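The structure under discussion appears below in the form of structure tokens.
Labels run A, B, C and D following the written order; every chain starts at residue 1.
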Amino acid sequence: MAIKVGVIGCGYWGPNIIRNFSELDATQLYYVCDLNKAALDKISMSYPSAKITQNYQDLLADDQVDAIAVITPVDYHYQIAKKALQAGKHVLIEKPMAGSVAEAEELVQLADQQSKVLMVDHTFEYAQPINAIKKIIDSGEIGDIYYIRAEWLNLGLLQPDVNVIWDLATHIFSIVSYVSGMNPISLKANADAYVRKDIPEVAHVNVAYPNGITAYMTVSWLEPKKTRRLTIIGSQKTLIYDLINVEEPIKIYDKGIDLTDISGDIHQLRVNYRYGDVLSPNIKNIEPLREMCSHFAACIDQDKIPVSDGRSGLNVVRMLDATEQSLNNNGLEISLE
Amino acid sequence: MAIKVGVIGCGYWGPNIIRNFSELDATQLYYVCDLNKAALDKISMSYPSAKITQNYQDLLADDQVDAIAVITPVDYHYQIAKKALQAGKHVLIEKPMAGSVAEAEELVQLADQQSKVLMVDHTFEYAQPINAIKKIIDSGEIGDIYYIRAEWLNLGLLQPDVNVIWDLATHIFSIVSYVSGMNPISLKANADAYVRKDIPEVAHVNVAYPNGITAYMTVSWLEPKKTRRLTIIGSQKTLIYDLINVEEPIKIYDKGIDLTDISGDIHQLRVNYRYGDVLSPNIKNIEPLREMCSHFAACIDQDKIPVSDGRSGLNVVRMLDATEQSLNNNGLEISLE
Amino acid sequence: MAIKVGVIGCGYWGPNIIRNFSELDATQLYYVCDLNKAALDKISMSYPSAKITQNYQDLLADDQVDAIAVITPVDYHYQIAKKALQAGKHVLIEKPMAGSVAEAEELVQLADQQSKVLMVDHTFEYAQPINAIKKIIDSGEIGDIYYIRAEWLNLGLLQPDVNVIWDLATHIFSIVSYVSGMNPISLKANADAYVRKDIPEVAHVNVAYPNGITAYMTVSWLEPKKTRRLTIIGSQKTLIYDLINVEEPIKIYDKGIDLTDISGDIHQLRVNYRYGDVLSPNIKNIEPLREMCSHFAACIDQDKIPVSDGRSGLNVVRMLDATEQSLNNNGLEISLE
Amino acid sequence: MAIKVGVIGCGYWGPNIIRNFSELDATQLYYVCDLNKAALDKISMSYPSAKITQNYQDLLADDQVDAIAVITPVDYHYQIAKKALQAGKHVLIEKPMAGSVAEAEELVQLADQQSKVLMVDHTFEYAQPINAIKKIIDSGEIGDIYYIRAEWLNLGLLQPDVNVIWDLATHIFSIVSYVSGMNPISLKANADAYVRKDIPEVAHVNVAYPNGITAYMTVSWLEPKKTRRLTIIGSQKTLIYDLINVEEPIKIYDKGIDLTDISGDIHQLRVNYRYGDVLSPNIKNIEPLREMCSHFAACIDQDKIPVSDGRSGLNVVRMLDATEQSLNNNGLEISLE
């Protein structure tokens, strides 16, 4: 039987979640909540069979509701998710999971106690290209990772209370941890505001991973050329992911540098350059959000731990929190362990 | 009458300089020096009318020689340029001008005393696209500069004694100062080595300029996709220079963010997004090195100060020196004033 | 009051039409028909307020229905559209309008007699980039058109009973006539089949327009790199439309050739090349189908002649018919006047 | 011992040939001829050891000269090459080999009689990407060739006495025959003039090859976006060569259409689409002209038949001649057998 889902929040992202829960066989769009009556009415037009309310407590009180999707502004995530777990519902939360580490930790603990699925909508972890990249890395094809560069740039949308790191770097934090399978050790952040002066619009975050691997991240709200690029430099090959290049989003460069120790003296190492082919693997075109919603249902149904579970969401919140600390201390390196 | 030029150094870059001084009407390739006999012989085959020697003192002692081009490894720049100036020659030095600030300062002073032209081969300052960018900025078309991003990336060539900053960032230092007309205030650098472990192969340098402008620079020797990109975000427009895009190297995006103060309260500022055309101005195809060599001759002939004069070269050496200090102090901000 | 629309055909394209008529304020999705019960049920799930039937006569008999959209295979267009017009309905037909010139002519005549709106879904005529191109041509910016090249290439979808010209060239026929404002004089076609041997998969059509203007068209079902490109060479500038380039779909090259008559002798004409900027005008992102459906409603409401009216649809059918004649006569030039 | 080469013609292309013969070890630039004294003097400045003359008969009379390169306008090819062969010289001729089939045939015959190397400068046949393409086709990787499309487009240079086919299609004729290893059966051509009205500036040539293979060729002098593109559609894969894409000039698309005969009835064939990777093979960067000149020397030295020998040059002249016949007969199909 289909899992009955209640969605709280019909703003910018909510309708996409609603559409997918409505279209999937495994789920039923059962209840929708928003404070905004007009938004609610619009949803009701398209999905007349769904119940609606302006009071989210109604969803928690409804025994028919199996699962709650919290798609509100981040400030409300903790409070709603907590009550939903307490009410015995499975919970999906829009990213980032919570506004503070303490809140995120409490939700993880609570989900464990309640034996409920707690999942965060890190949509990219369900995207075909990202999973293709994970497989390529896991296969050893690119060798050891040397370093990673990520650029997430676009024009706006400037947000009133959250800086560009919370908006854009959240994606990269989730992606890099996911594809590399590594936990970050520490990070440094710096950020600048140019238009509004008070809320950072451009930021650089350098995240240290084990084995000397570094991920250099650049995010900006001020760039007219939209960019979503991930460069993974390996000892054997380099992989570049460019989301904007629809035809060839992933390219694997069989080019690199080999060192030959010709005398035992490091200063005598011979540097060789390898120049090989460029391969762009075929990537299926499946909507990541569909995969994410489907995975949520499957985890509930089969009592599985989601790929982007509460702990994964907590890790991202820890990184966001660390960027705040670093920004407040002039780029100080903040430990994540 | 043509200026008689002596070129010291026929290695990687020397032959390009030699070809241009040979082809220009305003100059005569009069003397060529290199320690390597084979390299010298090869030059002699192509330019049989040029005198050759393995001893650079011969050029300094020859009264016929008007000007000396020092195209040797950086370690020899100071010593040779100093003697050349003392011998009353005009001097062109390959970038970077010298291995230390003190050396560069001494050369500037000496050139002033000798009333000789001292010029540094910051080739990009003579490139058509860079000069087009300078004009666009000077015209006010892009408005106030908010920030600049620059990426200079390629696979190798790993150098035995110089890190990637000295190799690649030198270009960006010279370009950014030139097109913006600004002097840097301070910088921070961090760098990592992955292949050889001892000499940095990837680096990030953040340079602070007046009015809160920052230039974020990334350089790497480990990237198979060659990149030479400069992004200049202005209050009105954004300019992106992509040297690898031969057809449209410069693009001006008439897109940006406007703030409207609707109430006197900064938190009530209304954010508007402008979406306009993209313009790629026509750029003439002239070899920058030809322009550079020609400018050197014109400065000698007309007793002018070169665009990339000794002071300009000194500024770049100061920045390189500051990156060393910053790297040795875990990314500390180093003043340049 | 909203126009009540009945849609006949829920196959590949129908759901897009249905969605738009459902979402627009000016129209109401009132009735949907398809022979396939499963397809009909799926529509009913999403649009529970719409009536459904497997018999299209039901729509024609329903007095509430103001307008009929015929989104069936081309073989049924004529029959259904004829009955709908006779029943006093306004009619929108999927492209191409009909399977023969005679049928298309009869529909045009009938719509005139009935004083009903007859419109063909030449979607591209409602696309923002195509309308931008029309404005640019009309403004005289590119000068006189010399010639036009169009390439519409992709992998499949091979169709069982229609060749690649009917599938892909239909779009180009409509676009070129629309943006140029010209009527074709004659055409030649040749075509080849490689995979299935019997139904052409690759074709070239050369269409002659007044003033010596030619449009050279290439269409193929066998090319893995999807291409939608229109090159319009003018006496002053050249415009290239590349639908696949989402960021810069239109580029205007201010480059060309000028002739200067320096002696009155044509063989003494001096050829000058102009090299100027490349401009990519900003194009708004509006769904063309939305515009098309909205225009259909406006024409009904205000008793206007649609941009892609029956005559425009007839002209495209005439061109398709002429390609058949040309193919059957080894590429013979077929008059369209 | 180095082969002593005499070059006749120092215009647009000559200096490139001269440079290569001068730089190669296997050849010696021995003699240079041009009617234009200024051009000759300029060559003499750069290559002072080469003899010069304004009378090409001097080269033929000089016993030291082993080989002659005829780099003049096409009208002089036959006359000079004939005399050179008669004088016992090996001959390299700039493309196209001659102005008529009869002349080309006579030169082939004469070279046979004299047992001298006769080679045509079809430079592309010595380019790394073209040879990579030939190897890929020969390996069977792309399966059977279905058809080929070629576009050679640019702005000018309008020539006074030769049409765009002689200028640009010559390259494609040589390339397609070379990479496919096939001889053309027939061709059709049509062409138009827009700027000068008398000499065709845009042309389409369809060349029929064995096994139903067709090569569709488009050439133009009126297009501001320079294009050099070859699309080879095979039963297994498709190869696209784009000379302007310096980073990835060749792409092999593992995408295509499979037919499965499910019932013995051709109308019941099931169409399957394969979507696979895109591979861009690594191509070494070697100057094609260097390879060509080197190959000429090797053929002389080892008494080998050149890749682009006289017969190959004759075939191209036959195709050019056939385009003239076709143009004069309104696109009539002209046999090449």
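By our rule, contacts are C-beta pairs under 8 Å (C-beta built on N, C-alpha and C of every residue); 3 or more make two chains touch, one makes a residue touch a chain.
Only a predicted model underlies this, so the values are computations on that prediction, with no experimental measurement involved.
Undergrad: Quickly list, by label, the chains bordering both chain C and chain D.
TA: A, B
Undergrad: On the document's contact criterion, could you list the chains that touch chain A and likewise touch chain B?
TA: Touching chain A and chain B alike, sorted by label: C, D.
Undergrad: Tally the contacting C-beta pairs at the B-D interface and at the A-D interface, and name the larger one.
TA: When the contacts at B-D and A-D are counted, A-D has more.
Undergrad: Of all the other chains, whose mean CA position lies farthest from chain B?
TA: Centre of mass proxy via C-alpha means gives C as farthest from chain B.
Undergrad: Indicate the whole-number Å distance between the mean C-alpha point of chain B and the mean C-alpha point of chain D.
TA: Taking the mean C-alpha position of each chain, the two centres sit 41 Å apart.
Undergrad: Rounded to a whole Å, what is the gap between the Cα centroids of chain A and chain D?
TA: The separation of the two C-alpha centroids amounts to 53 Å.
Undergrad: Mark out which residues of chain C touch at least two other chains, giving numbers and ranges.
TA: Only 225, 247, 255 qualify.
Undergrad: Please name which positions on chain C make contact with chain B in the complex.
TA: Interface residues on chain C, with respect to chain B: 247-248, 254-255, 275-282.
Undergrad: Under the touch definition given earlier, write down the residues of chain C that touch chain D in their complex.
TA: 146-147, 149, 155-158, 160, 188, 190, 192, 194-198, 202, 204, 206, 212, 214, 216, 218, 220, 222-225, 231, 233, 238, 240, 253, 255-257, 259, 266-267, 269, 271, 273, 331
Undergrad: What residues on chain C touch chain A, complex-wise?
TA: Going by the criterion above, the answer is residues 46, 48-49, 225-226, 244, 246-247.
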